[in-house]
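Written below as structure tokens is the structure these notes are about.
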Amino acid sequence: MSILEIQGLSKSFGGVQAVKNVSFSLAEGEIVGLIGPNGAGKTTLINLITGVFPVSAGRIVFQSRDVTGQRPFQAARSGLARTFQIVQPFSAMTVLENVVAGALFAGAAPSRAEAEREAMAHLEFAGLAGEARRPAASLTLPSRKRLELAKSLAMKPKVLLLDEVNAGLNSAEIDQALDIIRRISARGITIVIVEHLMKVVLSLSQRIIVLHHGELISAGRSDEVVNDPRVIEAYLGSKFAARYGTARPV
Amino acid sequence: MDYGQVVANGLMIGAVYACIAVGFSLVWGVLNVINMMHGSFIMLGGYLTFFAWLHLKVSPIVSVVPVAAILFVVGYLIQYLMINRVVMQPVLTTLTLTFGLDMILYNFMNLWFTATPRRVVLDLGRLDLGGVILPLDRVVAMGLALLLTGLLYTVMRTSRIGRAIVAVRMDRDAAALMGIRVNKVYAITFGIGALMAGACGALVAVVFPITTSVTGLFLGKAFVICVIGGLGSVPGALVGGLALGLIEAFAGFWFSPQTAILAGFVIMLVLLVVRPTGLVGRRGYE
Amino acid sequence: MKRLPYVAFALWFLLLAAVPFLASNYFVKIATFLAMYAALALSWNFIGGYTGYPSFSTAAFFGLGAYTGALLQNAGLWVGLAWACAAVVTTVFAAVIGFAILRMRGHYFAIGSIALVEALMLVASILADLTGGGEGLNVKIMPGGPDYIGRVFLYTMLGIMLAAFITTVLVDRGRLGFGLRCIQQNEDAADMVGIDTRRYKTAAFALSAVFCGAIGAAYASWVAYISPSDSFSILLTLKVPVMVLLGGPGTIFGPIVGSAAFVMMEETIWSKYLEYHQAVLGLVIVLLIFFLPGGVLRVFRRRAAA
């Protein structure tokens, strides 16, 4: 049963078509990687799904409801959460308050006190319990990324869209992030992970979707997609694809 | 009075309005500061012109130059010494600061010059173009206003400082990385804003009575013109000024002078909601 | 929860209420202004302090309340009811207009809010048949001697201030206040986290109008004569945010401290420097911007923490 269906989604900004007729569906509980070269339209796609931009054409169906044209707060409340490439905490608030924001509004906690309890639990899950009372602005980058994750978990999402959650992290930090993401998935949350690092994408996702110039050029099991000549051409150019682009075990 | 006259009136006064607004628009577009002293700068220019005319028998057309120079220095110093300290802060802070400075300026202008209306009377006769009457003092004011606006446009496009100002307006940080001394550009821009206000004040003295009570009125017009025409662009201020002149002329003709002013504000509010970039200008800062 | 500020406020309130029995009518008038400006400052705090939107609409709401209250009173409605209706009308106006202008941010919102003041003032002048136009409007004078009237309006203003204060406390501690603070720091992130920013901003804007409208109506009855330029005064609309900036925006007690300090300062300056009083006020504002960016309360908090 697909929890999220994208049907023929397109978006143009003035003369530029950022997303062209993209369709795919997400099964509940999956982890799907969304990859593509820079400028392929991955973040735009996420912005369309979460209602940040209005769509130019197409439909978004979430839990069997047509939610095309919803506003971001509605997406958040219905269970579609996302993280940002460039982390944007509420910098004048404490770490705890940042997560409380997620719990209180999208997470529909009945009271501030309850929201704080939930927030502490999420901070513990993310390994940030010790920083709860510190101002969010004082955190290091990896901690800020974990705060983003904790905040989005507090929103009680059914689908979590992770936009380059590993940008700027070193190898050890990435492994920690991967661990958290696996634990999130273990809770039954469907995850779409936008990533550049192939190691991350391959180790986490069962399926991969590839965007190039706003179009979906390949979708399927990780090992198939990686050897798809169109994908290789998108990343490395046609000459390289011609030479190497036959099915070869990686 | 036929529509030809209304249009002529609107355009004549619109040219002066454009000149009034262009300095304000530049400061807002480049420094992201709303200068609440702008109306007072205009009147200051007007008063200096009036007293030069009254006591020194200097024609306003000649006064434009020294008045402009004096106002430039005043503006430059005010920005350099005071506004520069808060130029990166939110709008409430900068607006309140310029408002406080304006209160000081206004108070002293009231004490030195008194609020009695002063008018420079240049009896130059009138032109009659097929029924449309063009008082020559207004025509001269219009011509000079357009000349000044054109001069500013040329300076902005061709001189080094003009290019630097445009660069800072587009991207402050990139401009700094290019070696442009941003603080100096800010001070010069603010000085230019004051200069244009003062110079147009000299022209306004020919057309309107000069009194401290109308500083707010002119400031309000500058706002409206910026929204109609767009921020930080000279053509935008010209379009906005002429548009406002015409709007006021028609609204005043059909209804009353007060409705004329109201019409300007209503159009501004509508535009703010519908198209804040204005008819010509790029998206201004928020 | 620190009790001290609440206790201090309660004492201040009682002190103001006791003024008629302690001092002359002059001081009763001062106390009334203190209450009035505290209510106006608390009102502005909702949209300007908590939400961070630089609103200059205080005079628009004040004037609208004044004219609505005056017209209803002159039409025969009981004074208290006229004031309540004025508050309702002003709030509805704010909610409707808010829908349009709250879409803008920063400078454009500020300009839009000032334009409201100017536009309403012009409308009041133009509809002269209804409002008396530029010549002003006389309001039915309340029967009773000066002492009695002084007390009535002091307690009215104190009552409105108390209502504004209680609303502030509820907002500050509740969901709305938390949401507004999120909006102030990062409106897009607030949207993403599930806050209906449009609704919250409109609520803040409407709250900022309610008490202003009531104060305006009460003021009209108090002075018994209003005119467009006094009721829609640009000076008022600029003074009130300065009072909150002085005391500390986005806090419960900042507006009260700031407005009290400002009113008392203005009273002293008026009596000493009548001719220069505008310049001195301007100077105070300039110094405030340079030296006290977080308001007086921030200075105290820093000292307490040290």
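In order of appearance the chains are A, B and C, and numbering begins at 1 in each one.
Throughout what follows, a contact is a pair of C-beta atoms (placed from the backbone, for glycine too) under 8 Å apart; a residue touches a chain by one contact, two chains touch by 3 or more.
As the structure is a computational prediction, the values presented were derived from the model and not from experiment.
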| item | value |
| --- | --- |
| Most central chain, Cα average position | C |
| Remotest chain, chain C as reference, centres from CA atoms | A |
| Distance from the mean Cα position of chain C to that of chain B, given in whole angstrom | 32 |
| Chain A and chain B, separation of their C-alpha mean positions in angstrom | 50 |
| Centroid distance [mean C-alpha coordinates] between chain C and chain A, Å | 45 |
| Set of chain B residues in contact with two or more other chains | none |
| Contacts with two or more other chains, residues of chain C listed in rising order | none |
| Junction residues of chain A, two or more chains touched | none |
| Footprint of chain A on chain C - complex, ascending | 173-175, 178-179, 181-182, 185-186, 188-197 |
| Chain B-facing residues of chain C, complex | 48, 52, 54, 100-101, 103-108, 110-112, 114-116, 118-119, 122-123, 125-126, 234, 238, 241-242, 245, 275-279, 281-286, 288-290, 293 |
| Contact set on chain B toward chain C in their complex | 28, 32, 34, 82, 85-86, 89-93, 95-97, 99-108, 110-111, 216, 220, 223, 227, 256, 258-259, 261-262, 265-266, 268-269, 272-273, 276, 284-286 |
| Of chain A, residues touching chain C in the complex | 50, 52, 71-73, 76-77, 82, 84, 88-93, 97, 100-102, 104-108, 112, 151, 155 |
